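Both of the next two complexes hold chain A, though its partner changes from chain B to chain C.
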Partner chain A sequence: MANLQSLDILRSSASTETPSRIREQPEVAKLIDVSRCIGCKACQAACMEWNDLRPEMEDFTGVYDNPSDLNPSTWTLMRFTEWENEAGNLEWLIRKDGCMHCSDPGCLKACPSPGAIVQYSNGIVDFVSENCIGCGYCVKGCPFNIPRISTADSKAYKCTLCSDRVAVGQAPACAKACPTGAIQFGSKSDMQELAHERIIDLNERGFKQAGLYDPEGVGGTHVMYVLHHADKPQIYANLPDKPHISRLVQLWKGMFKPIALAGLAFTAVAGFFHYVVAGPNEVQPEDEEHGRKALDGKDRA
Partner chain B sequence: MTNTWQDIKNANVIVVMGGNAAEAHPCGFKWAIEAKVHNKAKLVVVDPRFTRTASVADLYAPIRPGTDIAFLLGVIRYLLENDAIQHEYVRAFTNASLIVKESYGFTDGLFSGWSTDKQDYDRASWAYDVGEDGFAKSDPTFQHPNCVMNLLKAHVARYTPEMVSRICGTPKDAFLQVCALFASTSAPDKALTSMYALGWTQHSVGSQNVRAMAMVQLLLGNIGVAGGGMNALRGHSNIQGLTDIGLLSNLMPGYLTLGRDFDTSFEEYMKTRLFKPQRAGQTSYWQNYKKFFVSFQKSVYGAAATAENDWAYDYLPKLDVPGYDILRAFDMMHNGKINGYICQGFNPLQSFPNKKKIRAALGKLKFLVVMDPLETETAKFFENHGDKNPSDPSKISTEVFMLPTSCFAEEDGSLTNSSRWIQWHWKAAEPPGEAKPDIAIMSGIYSRMKAMYAKDGGAFPDPILNLTWNYTNPDSPGPDEIAKEINGRALQEVKDASGAVTLRAGQLLDGFAQLRDDGSTACGCWIYSGMWTERGNIMARRDATDPREQGLAPNWAFAWPANRRIMYNRASADANGKPWNPKKPLIAWNGSKWDGIDVPDFAPTSNPSAGVSPFIMNQDGLGRLFTLAALREGPFPEHYEPMESPVLNSLHPKVSANPMTRVFPGDRADFGTVDKFPFVATTYRLTEHFHYWTKHAKINAILQPEEFIEIGEVLAKEKGIANGDWVRLSSQRGFVIVKACVTKRLKPMTVDGKQTHTIGFPIHWGFTGSAKKGFGANTLTPFVGDANTETPEFKAFLVNVEKTNPPVA
Partner chain C sequence: MKTPPGSVSRYTTAARINHWITAACLILLALSGMALFHPSLFFLTGLFGGGAYTRAIHPWFGSVLLVSFGILFIRFVRFNLWNSDDNRWMGKIGRVLANDEENVPEVGRYNAGQKLVFWGMTLLILALFGSGIVIWDVYFAKYTLIGQKRIAAVVHSLAAVGIIGIWIVHVYAALWIKGTISAMMRGSVSAGWSWRHHRKWLRETAGRR
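Let's turn to the complex of A and B:
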């Protein structure tokens, strides 16, 4: 979203340089305790308020998930699942979906635009809009299906973990708004400890498979879940069982990238010749109209 | 609430029944989660639907709408059968041992005293057997056949687990699991808290639903203790304040009652308000009624209220009926007997039953004044919105005035929360446009009316002309001025028996204990006395210090009465004054006085050996398992079917519904029957919205955009309805066309041997605001009220459902 001077950058997309750091910052984490979440959507409202997002009002689609999916203006979303457990009893599983802020972020790895995706030294993964080229590689790179590309400005959007708030010592807006303490924020080690206490309580209440979701496949995450059924995360609206960065992205980082860059260079040369031969592409009135429509009312959706 | 929101964290078991706290009170519900996380509490949810509260519960039991009394009397039977009551508490603090008149009885669904002709009870037999000393007789050994304990045992004997399951549709094992969890709190140091709301009150037996649970809590010894109590979760930020300040047609501030037409003089009025103790040595605090009443009259009429004119008693209106509740008012409007209506902060076209009747009633008015921060449906009732509001403006001659008001954030003032905390708040922004505070609008109306009465006289101008109106700006009194007036002050120097001056003239009162019945004190609402004293605005205190972190925060704002945080806290200690739960004591007898972290609900120096009982507002001082003649349909709760029910009453089919239900003759034709409307429906709120208000706010509209109903998978399959399909839901009163949410959270139940389906209908949509237009659930609900409070029966009625085409735009 923004390039914050107050947070140190740990790594940056499409760059091999490691920026210098002047501060030691502890790794932060948001702990979402699904077992004490009541699905009130205060987190969604707070996210919209703080980040000034107003997604389009949709139709009712038969479920409580509103809007129906993440979108460029919906960075967090309660996903409701009605699940019948082994004993035949209903459980209504409510999971707050959004960016997991992976330690090994697939989006950042996949991003070809220098500095469009950064990871701060506290673990937060952030999109820097002015560097984003809207290619959508981050979407492919994300094992959690989080980033969304705006049709209005062709930029990628997702949860920033309120990096602007965290930079000045505040918790993310969602954590502040949560009425039941289901969203906690602090250092990753404190959050792991808190999760441990919660898991003991859940074990005592008969949830023998309760556990912490902090998947190794992406190096751990800076958004973690306490799940009653940690052995089957997929029942929580398809939370990936063993998330990992796509092989395509790994390949991209390896041999495909130079080839692709050569392709880009060719396109640039071809474009130059087009300019010389056919002249520049002019903005037509219908293009203007299209742009106005995209920005008007529909926000970034 | 008897207790505080924060105190819920002290509970060992929490039951949410007759409410849906996680959805309707998400912020307060944090304390239930606190209890789970830090006190290892178990959360039980009993509800027709698997709600968001149920999603975090340890135990969920389904129940058919409108059968809570059968469930709870079944619980009482279980507790008595299994000897799971707190014996010492029940013996010392409840009326279990008191003896009831021989003439009391109950047969075939009717209590003694029923008159078929009058369709009413003579309640004389619902009384104690009184001895020669003038006090109620008792038998602490519980041997006497007519002692309350034995009458209760006999009354609940019919509610076996099988009968409960047959009536409620609750599986027997789930019911018994709930009973066992309740029973675990009969230990003296364990507490169960009851969190309830309109899921209990919006029934034709609403008051008795609450009573049934209160009886459970008395038997378990859970009233007056930390983590216990009966906790009514109020649905608006200041609805507790509304009731306290007496905004019901039969009430005056502080739960004083308006006289009836047969109370022809002050003396006559007071005769039924003497509150003589029913047992020796009891407090019966309402004996102070006259002090509260006279002080109220002095605050309203000042110098015009004198001993000679009976404190201007004749200025007060007298009721010719028990009350002019909203159902009655709209029925009268509908019959052309009310012609003008000032509608202040209320949206009856959305919130009162049988929308068609409400709309027709508004259309018969000569004028309608709507005071509201928003453009409500009521203010635009004459607009045609197709099926959603089929008005024909050309046929409506009601003149409508919309007076925009400021909202809570645009004015100073106080809000009274569910915990009875009166909290001061400060203006955050100026009201937009021409909006004015309600106080200024009402003052403007008053000053113009007063001028007209002064000029033209009229039949009885005195109550208007003599009204006290001593404000800096008479057209816009300050909230602080009004608050001080409600708190009360001495009108002249007050001296005690020794002649020492206790109050100088004009001094603000410290509390209601200083009130007098000789006209020397004025107080607008006796229970609020103490909220703005000579020490300043007590409501504005923001000191969160909390002794032992027990959830009382005694220096935060002001709690009525007398800054007491837990009501009946005397009952937190045993007969000798020793706390039942030594880990979480509230008050204890220290040998010379009552001491502790809360303000004693009791004379502070009353030695336990004097035997003064804790429920000081009752004439017997006891928690009442048998409630005498206080409620209209009986001294014990009894299961009656809702007015519209899929089955006849299994216990007494001839008296199926509550015989005292509030029904107007004209509405009987609007009741549906099970052959045409085979499904039970219930209405409720969702977390994403606040009534009909937040649909005007964009973010809330995004979070829950469109009207829908909830329908179980089994019924949906039978009807060929897929998730998200359009359906037509109808009752005898009308129909709506909405989308269906097909869910596993509503399962069919077996009731009286038959499969019974419940359909859920959230209430939030109308034809104004940002969200998509909707019909409103009150299109379908019946014009029926609770027998005591006249609260409409929104929670149980009959409907039919069919798949249909999308509505034409």
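Let's turn to the complex of A and C:
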């Protein structure tokens, strides 16, 4: 949400302005306990309702995922995986996919438009549509494949973590709607604590590898998962094992920018100084004489 | 335009128009591309009606440039084939830069430096168009994977910096070597200029008359 919390903007895309530091907010986080999710899609419905989004109707693709992928009007999506565990038993893994609100957001790093992507001091990463130019760089920057570009208005969309609700002390719509308490919302430290209680519980129930998904490669996230198989995040519909901003994006958006501009400036300045030192290369009167003779075909005589 | 007496015709009217359309596209591409490359140059989007318009029009400039340069390529490629004289000329590049062309091998229609500009532009335009298509998301997003788009974005920006560098060299050379700009403006150069810089070409031209 644009400018609702301009005082609380921690980072802004393609911007050199110093963010306001006058106050601090605690980091928030959404904790999604995959082991408690029953796949009812109440979160999806709540997201549509609160954000007033109506995705286009799609064809049935033979699986529970509906729609089949995130899209500009579907900011969160239940992804269902049938996984056969080591004992040969079926486990139905259901992961609520959506923006992870990284501490080090690849989308923000890649964005070329000043202020189109902002990160609030509470950790929420938000797209500011009025500044979005629709280039799709955020799609390339994101390690989780989250942003989607609308064909209707060529702007990028994703989960806002209900920044408008959070700004007035409410939990995100999905957390509010979840009937099993699988989605919790609060300060990041509280959510980490809650996760640890759940992990101990899961360990006791035989899930020895249960753990918290809060990947360090992106500086931690403000949407975290409790996974019963935290050693194998990929089994949850390809949740990346060790996500990080692609090296290519880091090269493209890191040192290459100043080095390239300096290199071009150097080339132009080198030309200028060559002119100052060596001077222009001017045609001399004798060249004209030789040239005219050559043109008349007399120079070989 | 008629070739004035004592001058040598170097570029036809069609070639000049072709060149300047290409040049205009390259400049528009550089301005709109730099605007999205570095945040401190984002203000350049104002020239194109804002960020979204800049993003939308940039690939179309590129498409016009591809066609225009393609025609330019067909026009000039046969004069730009590399030969052993070019190696010898490159060996004397220090003398050329010092404005002392006494012992530099005689040059045909183009010297080795000009040929390098020609081939540099050719290769980089191909790289830019190829990578540009991959990140032209409005029409082509669904045909490639994100990993491929990342590679394309890096290739596109590297190639763009390369071609702007070549463009600076190209423009500087035209300013430094006096009498050159008339070739692309009026289509003709003086006999003295031709003798000084492209002696072999002058003899060939005179021989054909």
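In this section, the second predicted complex is superposed on the first by the 249 of 301 C-alpha atoms of A that agree within 3 Å, B and C clash if a C-alpha of one lies under 4 Å from a C-alpha of the other, contacts with A are read in each partner's own complex, and residues count from 1 in each chain.
By definition in this document, contacts are C-beta pairs under 8 Å (C-beta built on N, C-alpha and C of every residue); 3 or more make two chains touch, one makes a residue touch a chain.
What you see is a predicted model; the values in this text were computed from it and never measured.
After overlaying the two complexes on the shared chain, residue contacts for A:Ser189 are found with neither chain B nor chain C. In the superposition on chain A, A:Leu248 makes contact with chain C only, while chain B stays out of contact range. Of the two partner chains, chain C is the only one that A:Ser113 touches; chain B does not reach it. By the touch criterion stated above, A:Thr61 is placed in contact with chain B alone, chain C being left untouched. By the touch criterion defined above, A:His274 reaches chain C but does not reach chain B.
If you count the residues of chain A touched by chain B and by chain C, you find the higher number for C. Residue contacts after overlaying the shared chain place A:Gln234 against neither chain B nor chain C.
Put simply, chain A uses no single residue to touch chain B in one complex and chain C in the other.
If you check the complex, the residues on chain A that touch chain B are 35-42, 44-45, 48-49, 54-64, 66-67, 82, 84, 89-94, 179-182, 198, 201, 204-205. Those residues of chain A whose C-beta lies close enough to touch chain C in the complex are 14-16, 112-114, 131-137, 139-140, 145, 149, 154, 246, 248-249, 251-252, 256-257, 260-261, 263-264, 267-268, 271, 274-275, 278-285, 287-292, 294-297, 299.
For chain B in complex with chain A, the residues that touch the partner chain are 22-23, 26-27, 29-30, 33-34, 36-37, 40, 50, 52-56, 58, 60, 687-688, 698-708, 723-724, 739-745, 770-772.
Those residues of chain C that touch chain A in the shared complex are 6, 8, 36-40, 42, 45, 50-52, 54-56, 97-99, 135, 137-138, 141, 146-147, 149-151, 153-154, 157-158, 161, 164-165, 168-169, 172, 175-179, 190-196, 199, 202-203, 205-207, 209.
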